[in-house]
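So, here come the structures, one by one.
You will see chain A twice below: alongside chain B first, and alongside chain C after that.
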Partner chain A sequence: MSKFQFPQSIKSRPVYGTLEPREGSAHLFIADAHGAEAILDVATTSLMAKAHIIYIPKGEAFEDDLRALNAASFYAGPSYAAAEQRIHKALADAKMGLQVYLAGTEGVMGQAQNAAMQAGIPHTAIQTEHRGSTARRMQCVHCKGITEDVETDPFQCAHCGLHLFVRDHYSRRLAAYQGVRIDAEDHGNVPEPKGIYE
Partner chain B sequence: MSGAEKIAVKVTDVVPLNDLVTRFKFERVDGGLLPTFSGGAHTVVEMPEGDITRLNPYSLMSDPMDQSAYTISVRRDDEGRGGSLFMHNKVKVGDEMTISYPVNLFSLDLRAKKHLFLAGGIGITPFLAQIKQLERFNGNWELHYACRTESLGSYVDELTSHHPNETHIYYDDQDDKIDLLNLLDGQPLGTHIYVCGPKGMIDWVRNTAAAEGWPREAIHYEEFLAPQPGKPFEVKLAVSNKVIQVGEQESLLEAMEREGVDAPYLCRGGACGQCETRVIDYTGNFIHRDHWLDDDEHANGEKIMPCVSRFEGKTLVLDR
Partner chain C sequence: MTIQFNDETFRDDYSFYNSERAIKRFPFPFHEDSYMYSVNMEQHRGGPVDSVYEKRFDVDEHYVSEMRDREMVLADDPLRCQSLPHMTLAGWDLLELIMVSKSEDYPDLFELHRDGNNWRWVNKPLGIDDSFVFLDETTLPYGPMEYITRQAQGDFCVLDQRDDNLWMDAGMVTTQADWSLDFDIGMNFFEWHAPVPLAHEKGIFVRALKFLLNIQQGAPARRLNWTMTVNPLLDTSPENYHKWGIQKTTLTPENLGAKQHLRVELQTFFRLPRSNALVFPIRCYLCSFQDLMTVPKWGRRLHRVIRDLPEELATYKGFIDNRPMMLDYLSKFDDGLPTSDGIWPDFETEPALQT
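Then we have the complex of A and B:
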């Protein structure tokens, strides 16, 4: 089951939709892991004729299915960081009329949305669909380090080691949620971590 | 008092540009500095004539950083309610007038990588200020300006001599037309469109760009509607406990103001949403002319924009 119903939250928390085909001069798809399923759902022959798919499998077996869509351009790579050069080049060369479709985990969608915004696309014009893992990309508000794929609350910052409370407060600029020291008032009093949505 | 804060000014220059357009220059009566503004801003000019005071919005076309004076250009509309005729026929150098602080409903989106301006006729005025603003920090812009004829091409000479590479002029009478599809095709990512001109031109640009996949947020437009005359009608103002008559040549907003009702407004042209008023009861038909309310709101009879919209029928009760 790759779809998850996120609980209602504060306004800052991103809300994801369902990809739909749009009119455009070109179509850029960026997805990771189960995000491939959203591309497979929306793909049509005419969309794929002008599509560039950038896919990060993260161990999932969708690459062959995606390749079979015969997009004008297809790339699969091991990580977002590895794909970043290609994403920036694709956006730098793009013209108005480009449609951007993001699917998969919040971390990859957030970073790709940020790259598209920097390239001049209003964030509201970028389509997103969450699929797969609900792990989050978190920024430690104390040391500013980013910890990827956080699944528990609280969690330990990968940089400074503080125990951080997972907030729904999100930054589009950082493409990350805010993590705040959970034992700030009472050092050492760290509750047992549990799943973010448990 | 509703609307933006007022400024007392005197007219220091009146320059007829061509058969239809005259430029007016305003300086503060007290000799002080005017507020800076941002390109695309307008001022509301008060035009007292007999019993009625018209308030018309005009785009500021001077340099937004020039605090010594404001200039506007007014196109004469012989069919209108007389605001532009008042400016053309009555206003002389030395006259004292009241204008509002600048209000901007058509500002540049400074996140844009490139600004693509499309002007039709007198719709050139906000772009004159925006161009001056962008030139200060070497902004990336391009202007496509359609005029009826060479003689009616206000500011064409100034634009083509100062900005020969950015300015593109199209004359209707020479069968010159903006090749819009071709123009939109291949614009770099992050380009924003700004269009100001007749309604047909605005609709054409908005619809064409949307069909080509341009995001709604990258398409900006400004169209001031002048209130149109219409049949007189009666309105009950529930909060003020008044029954007022709206004359043939005045807007509902102007009628409320004449009766001393302090109704909110900003643009007076159906664009900004400030004067939105709840309808309590009605029997009859609305003549909605604004482009603030959406189609559903125009159909359901719950709201009216008194600056441009009218009513025909027996009863109209407003929450004002």
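Then we have the complex of A and C:
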């Protein structure tokens, strides 16, 4: 799958790179869906010997390929929430020199980055590579509810039902973009939703 | 000088008002007949007698009512006040700065008695008399930043300084021009300013950051910023935008003079001694158009500024739809005469409106 080129945006919007192998005492890979391809691209035998891969397939067929890399530890689970405790433990148990690699959708990379930051790893030390869906994890600024995998602008808040404008303003701490009521100054005037990058 | 505190509201029936004195000392933000972003910093070392620049933390007739409004906002949404764990020391620094400044600048209103770390703080307007141990959180009803900013007008952002950047790591934000502390907490200087149009391209933030990183203890700085608010609503938060946004559509040519307010922020910047953090108070002043028009120079100038403001700025500041109606109103106060330089009203030298 080819990589999506995100348009130029404001300075709070995350910028993603390409994973590259780094020297480290251990390597933690967290990915979802097509993020598996980024791991497959970067994997080497020596890297995998000290690697822990946490993967959320989301219906994509990369699990067997990833397993075949023979990482020191491998887990595939149904959702980020399911993997979360394992991620926290991996970070809590980490020694100096751990390298963190995140790949896949913005939602999973953002949440995993947040977990790593809480464990004391500066966000600038974490590698990220976007692959697959460009859907966003959105926070409704009004009810604070999170809506996962938002693909259109505007979208309807899954919690309070307001129609929200999709901003590029992004919070690492919340691992979410900000959604703001689009018809606040003209109730009921909600434009037809279209793809965020259309 | 004794201050007569107004009993007023900033919501619902909006009984907020400015006395004649408050209008005269209003920090009119335009020093010339046009406006564009700039790093308009100057030293915060006092100013003309009775101006908002005179004291380190200006206390005015709205003090008691503003603090009541803050209490209501916090009861509805405690996330308006947050402090990341490493910011507690900066909170004590801020508490000290405000208590020392206010007790020195307004001895008739505030008293601070210090015996080592045993402090007693008396706030007469709010009826507070608390004894506590400085640097011991268990002796105050709130964390130090929250305790003192529940007693100080304006929002407070407490910025940690590291990696040659400033980080929004603590704050008390209830009178904001449409930004969310809960969303922005933990962001660096460029990130929390990300949504501002034009200024990044002009290099404003790079220069402003350089300036701010070098602010020294005892040498605070200040600048003015502004926007527009319909009704004297202090809490123009994104959290509540779904409720207050519609108020912008209630303007009519008849009520505009009373309802449309120029919202000015007096932003000051103080280095804090123990934490090396920077505190960034953002003090909000509101003035209705009809009150502003009592100053002939401001009437002429406001019309010209609003008329010539680039569209991106009028959009970002949220009044692009109301601009034509605002201009219809303001044009009646612009007779085309030249205006004097600077922000002050210059009553003695500026001519009355020519009709």
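Throughout what follows, the second predicted complex is superposed on the first by the 197 of 198 C-alpha atoms of A that agree within 3 Å, B and C clash if a C-alpha of one lies under 4 Å from a C-alpha of the other, contacts with A are read in each partner's own complex, and residues count from 1 in each chain.
Basically, a contact is a pair of C-beta atoms (placed from the backbone, for glycine too) under 8 Å apart; a residue touches a chain by one contact, two chains touch by 3 or more.
Computed from a predicted structure; not experimentally measured.
Engineer: Who does A:Arg167 touch here: chain B (first), chain C (second), both, or neither?
Structural biologist: Only chain C; A:Arg167 stays clear of chain B.
Engineer: Going by the contact rule set out at the top, does A:Ser12 touch chain B (first), chain C (second), both, or neither?
Structural biologist: So A:Ser12 only meets chain C here.
Engineer: Give one of first, second, both or neither to describe whether A:Arg181 is in contact with chain B, with chain C, with both, or with none.
Structural biologist: second
Engineer: May I ask you to decide whether A:Ala94 touches chain B, chain C, both, or neither, giving the answer as first, second, both or neither?
Structural biologist: It touches chain B, and chain C stays clear.
Engineer: Return first, second, both or neither, reflecting whether A:His142 touches chain B, chain C, both chains, or no partner chain.
Structural biologist: second
Engineer: Identify which of chain B and chain C touches the larger number of residues of chain A.
Structural biologist: C
Engineer: With both complexes superposed on chain A, which partner does A:Glu23 reach: first (chain B), second (chain C), both or neither?
Structural biologist: Touch status of A:Glu23: first partner only.
Engineer: Overlap of the chain B and chain C footprints on chain A, residue-wise?
Structural biologist: Correct list for chain A: none, the interfaces share no residue.
Engineer: Considering only the defined contacts, which chain B positions touch chain A in the complex?
Structural biologist: Against chain A, the touching part of chain B is residues 111-113, 184-191, 211-218.
Engineer: List the residues on chain C that touch chain A in their complex, please.
Structural biologist: Going through chain C, the ones touching chain A are 180, 182-187, 190-195, 200, 238-242, 245-246, 248-249, 321.
Engineer: Okay, in this complex, where on chain A does chain C touch?
Structural biologist: 10-13, 139, 141-142, 144, 162, 167-169, 171-174, 178, 180-181, 184-187
Engineer: Give the list of chain A residues in touch with chain B in this complex.
Structural biologist: Spelled out, the residues of chain A in touch with chain B are 22-25, 91-92, 94-99, 119-122, 124-125.
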